[in-house]
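Got a structure for you, written out below as structure tokens; questions coming shortly.
Lettered A, B, C and D in written order, each chain numbered from 1.
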Amino acid sequence: MPRLKMGMIGGGQGAFIGAVHRIALAMDGEFELVAGAFSRDAENTRATGLALNLDPQRCYPTFEEMARKEAMRRGPDHLDAVAIVTPNHVHHAAAKCFLEAGFHVICDKPMTVSVAEAMDLVATVERTGRHFALTHNYSGYPMVEEARQRVQAGELGTVRKVYAEYLQGWLSEPLESSGQKQASWRTDPTQSGPVGALGDIGTHAFQLVEHVSGLRVEKLFAVLKTFVTGRRLDDDDTCLLELSGGATGTLHASQVCFGRENGLALRIFGTKGALAWAQEHPNDLHWTQPDGSVCLLRTATGATGAASRALTRTPSGHPEGYLEGFANLYRAFARAIRGERGPAASFPTVRDGLRGLQFIEASLRSDRAGQWISMD
Amino acid sequence: MPRLKMGMIGGGQGAFIGAVHRIALAMDGEFELVAGAFSRDAENTRATGLALNLDPQRCYPTFEEMARKEAMRRGPDHLDAVAIVTPNHVHHAAAKCFLEAGFHVICDKPMTVSVAEAMDLVATVERTGRHFALTHNYSGYPMVEEARQRVQAGELGTVRKVYAEYLQGWLSEPLESSGQKQASWRTDPTQSGPVGALGDIGTHAFQLVEHVSGLRVEKLFAVLKTFVTGRRLDDDDTCLLELSGGATGTLHASQVCFGRENGLALRIFGTKGALAWAQEHPNDLHWTQPDGSVCLLRTATGATGAASRALTRTPSGHPEGYLEGFANLYRAFARAIRGERGPAASFPTVRDGLRGLQFIEASLRSDRAGQWISMD
Amino acid sequence: MPRLKMGMIGGGQGAFIGAVHRIALAMDGEFELVAGAFSRDAENTRATGLALNLDPQRCYPTFEEMARKEAMRRGPDHLDAVAIVTPNHVHHAAAKCFLEAGFHVICDKPMTVSVAEAMDLVATVERTGRHFALTHNYSGYPMVEEARQRVQAGELGTVRKVYAEYLQGWLSEPLESSGQKQASWRTDPTQSGPVGALGDIGTHAFQLVEHVSGLRVEKLFAVLKTFVTGRRLDDDDTCLLELSGGATGTLHASQVCFGRENGLALRIFGTKGALAWAQEHPNDLHWTQPDGSVCLLRTATGATGAASRALTRTPSGHPEGYLEGFANLYRAFARAIRGERGPAASFPTVRDGLRGLQFIEASLRSDRAGQWISMD
Amino acid sequence: MPRLKMGMIGGGQGAFIGAVHRIALAMDGEFELVAGAFSRDAENTRATGLALNLDPQRCYPTFEEMARKEAMRRGPDHLDAVAIVTPNHVHHAAAKCFLEAGFHVICDKPMTVSVAEAMDLVATVERTGRHFALTHNYSGYPMVEEARQRVQAGELGTVRKVYAEYLQGWLSEPLESSGQKQASWRTDPTQSGPVGALGDIGTHAFQLVEHVSGLRVEKLFAVLKTFVTGRRLDDDDTCLLELSGGATGTLHASQVCFGRENGLALRIFGTKGALAWAQEHPNDLHWTQPDGSVCLLRTATGATGAASRALTRTPSGHPEGYLEGFANLYRAFARAIRGERGPAASFPTVRDGLRGLQFIEASLRSDRAGQWISMD
């Protein structure tokens, strides 16, 4: 089958996540990048397009112009979808623009900078009938899927405790003062939105909690804190959670845990078993069996189910990582665009994005009030 | 030097911690067990004494009688100290009785069942001038001491985050309904005091937090929960902490984390480094260096300091465990009795016991009020 | 820059390594697959080409026809290189054919089925001046490079001991009897060559030993064994090694270690330090420091050098795996083709392939003679 | 029951293993140390006896005098057994002397310095009917017993591969030149016997191989090497093994593996499962299940059998270590002395000691001849 044609908004030189999206979309040969509005800086856009061997005519100064012109293009080169990888404050406008122009959209998280924007995007997706994928990429890991399947099958019994953490250390120092691009926009409320660490990494942890446990967070008590002097957004967050079915939990998201790299980890304890998974060794799922022993389940082995095996490309013992997990979302997105339905064509959607914003806003309210806040 | 003569209150057949104390006191040849009031059940006391090869005349039906009669004994067989290893509600009366009879006391935790009792014990210790050791045994591990020394030396910079957890799974089921002795008294408010898991294991975690970080918990927000139907005390606790110097932290204590054995673990993040230690592999200390790499420091190696090496009995690579850590407290207690002073004769004291009860009462107040409570 | 145009020999449906090569060549956008002779089965070739969206005109029944016809093609579609991913017995003929037709070649290992063939290929490469890369992909891992750099810089002092192992379990049963394609050709001397496990995985371990240690194996004592009844080639091999500079070592290669997935691991001990690396957690390098503590060095962190960082695509904590390591070889191959020189354009060459065959033949001789054999 | 009375030969100040034996014998209250000939240096013996609070009359200048005088002592103070913890060359004479004087003997390994001496000791034990225990203490670990039980029950199927290693780094430098006591006698052929590392640690690994696998080493090919200049005995050994039932294996024993502490580890692969155990984390047994997943079995949990649970003193999660494993041998020795029979009173015997010497002599012959040597 011919490759789907993809455009990209954001992801110019100096960006991090744009390059990740480009590898992820290319990995399985499902997509081909053909157009972009990579930066507000026209020169950056030009250079990025050149480095990517794109047609200069399809490298645009603004996403609005790109949407307008690409929508007029017909034939085999017609654009199918766009990836939005800008700072957060642009997500809503760009996504809406391309959805309304008839394109499918895959967008980075947090989806928007407010619940209002998020709800508007939900409505836009429903109205346009386009596919919208949100890159909560960690749910693309095979062993996250393995965990989810097993919890869903009741292998843990009733879930009692959920411990999620996402600990990084890279913002232990005021890196934004040095002009480092990643740090700068993430700590700037005009680009990042009303929260820092909570949006950047807390929403990933939150999504993982609900996705794997199959439960909904009903109430939360949040403490948002800024450790680094002069920083304008939170860099260290703690949320106590009450989940549906009586479970409780804790979610830590911090960017000032010295030395921690990308420490997303999830532990769930039920009445009959338990699981632990950590992103930095993603092919390992620690599964506590009824006799209390902890079994190491490994990607693509005979001990795993069909759903997780479908998310791998190599035999067991050949570690797959962050890029492959990311690519799994792109592959599912491609299948949906090609008309496939069902689990293999599933990915986090606009509703997950809304949920993330609700989590952010509930946390802000809780932090300010010093009280438990209902998420319903 | 002749062995110190030791008596024991509690620790009859069917008990767990009594046997641990007996091994710990014997390990280094510092103490000899010569007397006991092992149980409220006279037959148990008799049988326990027989199994331990004790003089039946020194096996007493009550601790009061034991204190009275042993206080009259003179000469080389004179009792030096007693170990109190009963359920919690007996600690205060027994400790006070023996202190006032002139004996040194080593007592299990939590020290008492109320702050009032704890304060009374502080006063008693000060009045009698006897030594009082509290078996927060986890601070007896060499690598806990190594961690403490390094934090104290400023190697972490300023502490920002403290994550402590003590997760067990053995009370996931209502084990107390089956009559299991350990479960029964721990879940019975008349024996355990006003809290369950929080007193049994939470106080250990709390002591470790303050001991290693060198900081004081100033405020806390606690959620005490009971998962198992019919249980009368908390079996799952979460405390958010504000510590002196601006650090914050979380303390989890749960006995319903399916499959977890004795999962006490501590992580501390500072501005220049970080540490992680877990009780189940106690000879490993994970130390994050300034370049972000995590160094595995191991007991008794050249990478460790004199203070931690003094707590080992074997060369590196010969794992020491729970019993040796426990015995380290007994050894320090012996040294103090023999008149030694300084770090090698130091151990958790009556003031640490009071601190633990203050933690319990602050947590109860916070849980009831749904508010942050100051600990000062 | 425009993508280099790549062809593939072998890798039809049912193959494993062909798909790996396709992902690896696409990952960084350096290559585009445009032609192939995927199978001796024309229908397989046709279907494979269709699935890959290739021009049917460029899907050939034989590699000879492909070489002949592609050599005549001019212009922007001109083929630059081919990847040879067939069973071993085809490597020599196919590689020679394409080299002589003017193409660069990247070829799977073992390079050939005999030293004679290997020497002929060395001569062919020298004569044609084409680039020849051998996919000893494990040397493409960042932390393998980090290890190599540090050994080369003398950080271990003089190397004394090298322990290499490559343990798999997938051939514990006579899988070839069931017709499983991977097992069948690997255990068939007419396709695999004179050895089984030793060629398939032992050569990887051997290459890693010499590559990382910087030493040459001078003598070996090999025991080749077949555990599974009816199997025609070795499935379990042990080689004792004497290396240049006085070091000694052991190399284990087995495919009957029940449950092991892809257990390639290397440990090197020197006079001043030591290292350990294992392929299944490739982003971890365990580095023993002069004080004896073991430091966990992680991909892309500040603790690593420029050479290893250049082999990563994502920030630290974002695990890269087998496919990324593989792609690193392709990227270096692309750079060489584009005229770049130096470390970033380096990869295992035809001389490494010859070395592997020398290792195989020396091992066969040693096994038969029950004696140490010199490799020089 | 009254404690058994124990004497000690060797173990004066400056020794390592003597202190270990003293803790091990005291731990369970089974033995009391009452006499000793701790050193050839009378002053050391006196000071050691004083520090241990022994009767000076029972601290002897020679073991011969001790045996003679203690044999004449009657009544409750009568000596039951002696522990021999001297350098190797004294073992035979001391053991024989005490056995013939009517005492039970527990002796360190290697049992003697020659097969001839070992055979003489076998004959002496049989003639005198006394109990003789050899402190291959690593077989006292609960999870070693768990492994052994499971292998014996056929859970691995037929054993194919055995990998044993015992790697230390403490002799990487010529420590003996500095006069360090442990290093000096171990590298001195007049005290250590004909081998260094092979006797000191290789015999432990060998015993573990046969003990856990239940197989006998039938043939071996050994390479004994000395890395440190001037050292008179081997410090690095490799043995290839052929075991009964068709299994093969490798045994590494080295004391020049920089940074390694006490790295005894065993892996066994069968046709249906596999196991891995490492002494430095002795409460963990990695058990590969039929589906290929690796289960972490932990001491004293419900996943373990009665035999291993009987070797623990604390609930699961309370790590026991080297001293407890050692004490398990003493406890079994005590039970045998008290007349108990069966597994709980079993320990490595004089025949295991003979086996160790046969292993040493076969290895020496193989190393000299460069050939496989039969051990039968």
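One rule holds for everything that comes next: a residue touches a chain if its C-beta (ideal position, glycine included) is under 8 Å from a C-beta of that chain, and two chains touch if they have at least 3 such contacts.
Just so we're clear, the structure is a prediction, and the values are computed from it rather than from any experiment.
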Which contact partners do subunit C and subunit D have in common?
-> A, B
Averaging each chain's C-alpha atoms to get its centre, pick out the one most distant from subunit A.
-> D
If you tally contacting C-beta pairs, which comes out ahead, A-C or B-C? Let me know.
-> A-C
Between subunit B and subunit C, what is the separation of their C-alpha centroids in Å?
-> 55
Per the C-alpha means, the centres of subunit A and subunit C lie apart by a whole-Å value of 34
Of all the residues in subunit A, which ones touch at least 2 other chains?
-> 260-261, 289, 292-294, 298, 301, 316
Subunit B residues within the subunit D interface of the complex | 1-3, 16, 19-20, 22-23, 26-29, 52-53, 168, 170, 260-263, 279-283, 298, 301, 313-324
Of all residues in subunit C, those that touch subunit B in their complex | 287, 289, 291-298, 301-303, 316
For subunit D, which residues count as touching subunit C in their complex?
-> 156-157, 160-161, 163, 169, 172, 221, 223, 225, 227, 236, 238, 240, 246, 248, 250, 252, 254, 256-261, 269-274, 288-289, 292-294, 370-372
